[in-house]
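First chain A sits with chain B, and in the next complex the same chain sits with chain C.
Then we have the complex of A and B:
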């Protein structure tokens, strides 16, 4: 936990209400997200029990498995789930835009992309498990399933995989999205409980966040947000109802189970939409849009892959696939951290505390300064920034600024003592001032201007190419065997 | 003069034993696709690499050498060019690399960004990152240095460049890491966040693994401690006997606790400078101050080191201060440590050697013991950089902290159990340090 977050948590305890730790929203909230609250049978990791799903807060769709131990009923449930999810996801496929890119063919990208919201990280993991248990199912042979089931499996797998990508918003856990923006007075473990987290952030009138959170811990008032269920409910309500269905599988007994599960899902359903409103109320950060464009691009590529009829995602990453995915994740992580700091002065403040960034006032400027002679003469404006921040950078470090895009400067000299408002940093602007003899207007900070500089930069350095999977070297086990769908797939241990 | 002693059991001298291993490695090279050599701290890894490089170059076949950082590459180029002035060495570099003067001084070394610009040297050296951009050529031989520091995805990018390779590294040092969670791949034999050697050996379990048996760096006071704590099953011994190394403080002290800690370290090779138990922030002001004062005081005491290489004054450039985190390093630097003393994190002290080290214990003042702080490699690096003495600065209460935080990492299926356990290694080192405790007052 960073120093500022720790401070915000202490303040949350003192004031009894969660404290904002950002000034803007760092995640995308779609105009029409799909909220998905899944429940699993306790003791069985991938056995769905029920789900509440939909895009309209007033009209959720409740899906239940009256006997979750029954394999056929489970896949009937996933077929029903596909009826809800697939039309939603595929609805975004039609409208596309053409994106031009430098040094490449223009390509098509969907104008919007689906966004699925689950209550918590375990919910997102359950999406992955459900995807895994359905994407290899066959529509013929032993244990056939409805044709929509394997397709749903591929989509769920895609969403779960994508949710591990830092900064991606196609599948988001509500607790994580909220936790990114508020610090509460409870522990990190307790923050994973959506009910208490929302209570801290937005307590009902006449109550502090702490009091509201204490109340929200009662599983009778606020049942767990899933996928695990309340053991009391399991024993006293669910087990007898499922037993009654076993005895007599009538419409009435199914309705009894559905009613029971509705009581468990309804409160979370309402909390989810409150979370959406809380997030929507925050102003969106500048670079959120760029990241959402990346998500849209990824979504478009996956729809194309499906259209081309490629095989389902492999059970495990191959050697080359794993390395490629790791490189992509690391790249996204670094970029996401930098983008958040650039978008948000409160996030940047963390870096100012550790000396990786500094903010100050311009006290001297020489915008016409040049270096070199004759043809190699280059414009290199000099700027002196006076700051009270601890500057832990070495001369020669290249720094960027959130105030100006494409702007880069090199630290020439640091003088003075920190802490007495007297550190002077001389900067040489090396990028972003145009090609003319004098700098483009506005590209060099003026005297008296408040500026921020940081050594965090989002320069893309592509990593070296990986071998083709079929050329995997001997050190990594050699070329992998090709995946051939077979009836064996249906035999996978999946209970 | 070194005392060579063969006991009744016919045990070889350290020198003979090490030489036998090197011979066995060189003999195995042509017979196998890969050979792995485990090298404990200061066991002559670089010497082996230089020796093997010369051995391969003699056959007239081209050789590529892979190291992990630019500094390691420069060190190797320097060693190789000095020891073998008639060998042509090419150093591949990325743009923005400034060639240090110690490299420029060698007439047999060429430096370039592209392979054709190097001429046709017998040996080409570059970092793993740089090698990943070089395609279209296959070398009959490769040497991968610091292979335990190398992540396996880096090896994947360059493995098609060579036919056979010697992998050399220290298994006790810090494992490679990633800024993202790698649980997704845990248990896979090609897990990209594992070290190159673990992945190599999981796919090729028949490859010979040799082990250098003697640490020439660590004194007789430190080798058994480090060996038992961090290399519990393979072990190594010191190349020198007790009494062969000595640290003498030529200026008298004033019986302060700092002086007594330094005297204890000079006399026994170890000292634990213990501050009162307290939970603190990471940049614990008192501990940082103690580290800085110890360093300054050490220089004031004008230490002289006596060893098998003769006697010399221990200057600031032969002293290092190690800590776990970068902000601790910055704080120690800011506390007034002389410029020439190296202050750095464990990650960046890997592979370095000093006469005396001062270590801020990774668990000092902490309320919890996380996997990061318990990683055995971190403590191993910090406590195995010295030729003469190591002073550890810590708050009291670390054994109790360890007892309250047993390792609780989830067990992953298919992941080979890794020794040593960080928790146990920490306890072992602390138990030894307790015998050399000086309490601050």
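Then we have the complex of A and C:
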């Protein structure tokens, strides 16, 4: 939360409608995403109750567990879910491209990747739990399940893990994707409610966002977006219907439960597609493509891992694996934050507010300026930028610019007093102007040009140096035992 | 003082506190409204309903059934399963254990019964004992509140542990952090109350362990697993917050003599007092609304509406308020940002930041 976002929220209260906090879209929206709205039985860890799923807004598939406490019915549900999810996911495996790497073997990468959208963070967590409860199942032995069940479990686990990665769009929560782009006039806590969030962003005609959001809080009009259902619905509608099913498990009683659950899922299903439309309407940021390429690469590697017959993901990471995962998440977070700022002046404005970036107009330029004599003579163009922003960087700081890729400059001098008059910053360009005697045309900003500089850089960061798992030091428990899925895993109770 | 509190509540029985309520109160110690309503034992849920602002809470019968069946599994046969878990967890060679259900005596005797049992256990070097449904008390804002914990106190070798049974799952050694945090906050209330009791009886309060035992279902089954949760931090927070609570008598001092939140229920129990009058009475006691109230306080919808009407920045949560340097009204903050309002003394810094933020937004969205 920055003062900029806080201000946007205040504006939202006054104007009665959510305010944009970005100028571009920072997440990928696939041409054909799969929307998945799961419902779970209240009080249980991961007992699926129902789900609405599909890639066509007009034709959702409704899956229902008439008695969620029945283990067989749960696995029947997951098998049905697999029938929908697996063909969608595996459909992206076929078409690949060859990616050349500098200093490495070329590799294959899928041209497109699946994208699953769930309503909220809890929905994404539920995907992980469902994955956890199914990936160790066996297709033979005491409690056999359909072969698609453990495979689905591994995919769901993969998607849930991947959704932890900042900037990844393979599994996205709608509330988070929307919250990234709009500030509402309610608290962050209330933004976790998809119905009120969408109401603030896109209120129906004749209503303010605030009024629409208030109405959207009524669980009778807008049932919760799951996975937990409305307690009133549980007690008054669902419980009697489940009871009737227990008395007489007929087609009719199943239909009664399905109808009841449809009323809870339908509104959210429509909201999800409205969220997709709202996101699609925003112009895509430049670096969204790069990040989606990373997602496609990750997806491809996972399909390869499955094809090689690797074991299901372990219950817990080993010490080295956990450290590597954490370091990876940190790098992804840092890089994602910088990329968004480079893509979007409004995000960059947050850094201008804190003095980590400044924008201004070029008021003087010496593009032919050099340093050193004789053979060590180097081209170092000088540029003076006049800005009204508070500059809190010291001379000697190296800054980059979203205006030019591969461009870097060093702050030479800062003069003037912020707040009283405009500040003048003298910059020495040190990178990205070519190797010639005079700079490459266009590489040095010209007088009158509007430029932005920041100390944020998205330079390549090498991954943390960690030992091989076999060499885990004793301080971290020593080398972990290799994970072999056991019969115990497969027969684990799921009641 | 009790007479005044009784008058505030009206002629209905007082609502007992539970640890959840105290934990919620401690989370928002600046809220005079909640402190007073709780001290007077007012039925907040009913009041909020009557005002037309029912709290968005409710419990699914599926969750209740699951919770009860889990608790039964844990407590079956004099807590046999619980003993097995504790033996492993505390590494104690406990051969036998006694079981005392304090609920077996009448409600009015439960507190003194608990007191006597705890005193005896602390004095004698007796066998290990489980105390189910003990009734504890805690002084909150100068007012004694009784707690009916849904917990078991376990005493072994003169040392007490609070055992909290929760029905959320621990999957591969991990549980939802939010739920564990809530459980730890509640358990800390019980630890504090039990320590207060021991201190009152003249025993060392350290005999109540700061490590509470959390019992939850393991993975996806109904089998219990136990873990020790260190609640020292929660205890420290709770202690500090409770001392920060304004004393109830001070809160009462500023109020008009005849003030009451009585709903005047008729023969059938339906409130007869006009909602507007109750709302008017409540508005005499200031609330401090925060979005966190939405998950902890029955009055939340009423207070939120009030905050909305008055255009308070509290609506947006603490984070936003912090960013706004404590400017408490939406109109004031916007006025400072847009330069239509001159900053008051001490507001120059935040005004400059807001004006800069405003200029940057304008520039980027033009």
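The definition used in the following text is that the second predicted complex is superposed on the first by the 486 of 495 C-alpha atoms of A that agree within 3 Å, B and C clash if a C-alpha of one lies under 4 Å from a C-alpha of the other, contacts with A are read in each partner's own complex, and residues count from 1 in each chain.
Keep in mind that, in the parts below, a residue touches a chain if its C-beta (ideal position, glycine included) is under 8 Å from a C-beta of that chain, and two chains touch if they have at least 3 such contacts.
Because the structure is predicted, anything quoted here is derived from the model rather than measured.
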item	value
Most chain A residues touched (candidates chain B, chain C)	C
Partner chain in contact with A:43 - chain B first, chain C second, else both or neither	second
Which of chain B and chain C A:13 touches, first, second, both or neither	second
Contacts of A:205 with chain B and chain C, given as first, second, both or neither	neither
Partner chain(s) touched by A:464 [first = chain B, second = chain C, both, neither]	first
Which superposed partner A:316 touches (first chain B, second chain C, both, neither)	both
Partner chain(s) touched by A:307 [first = chain B, second = chain C, both, neither]	neither
Contacts of A:232 with chain B and chain C, given as first, second, both or neither	second
Partner chain in contact with A:2 - chain B first, chain C second, else both or neither	second
Shared contact residues on chain A - chain B and chain C	316
For the chain B and chain A complex, residues of the former touching the latter	33-34, 129, 132-133, 135, 152-153, 155-157, 159-160, 178-182, 184-185, 188-193, 196, 199-200, 203-204, 327, 330
Chain A contact footprint on chain C (complex, rising order)	56, 58-67, 167-169, 171-173, 217, 219-223, 291-292, 294-295, 308, 311, 313, 315-317, 319-320, 322-324, 330-331, 333-334, 337, 352-354, 356-361, 363-365
Sites on chain A touched by chain C in the complex	1-11, 13-14, 20, 23, 41-46, 129, 132-133, 185-190, 210, 217, 219, 228-232, 234-235, 238-239, 315-316, 345-346, 349, 352-353, 388-390, 419, 492-495
Contacting residues of chain A [partner chain B, same complex]	164, 166, 316-320, 322-323, 325-327, 329-330, 333-334, 354-355, 392, 463-467, 471-478
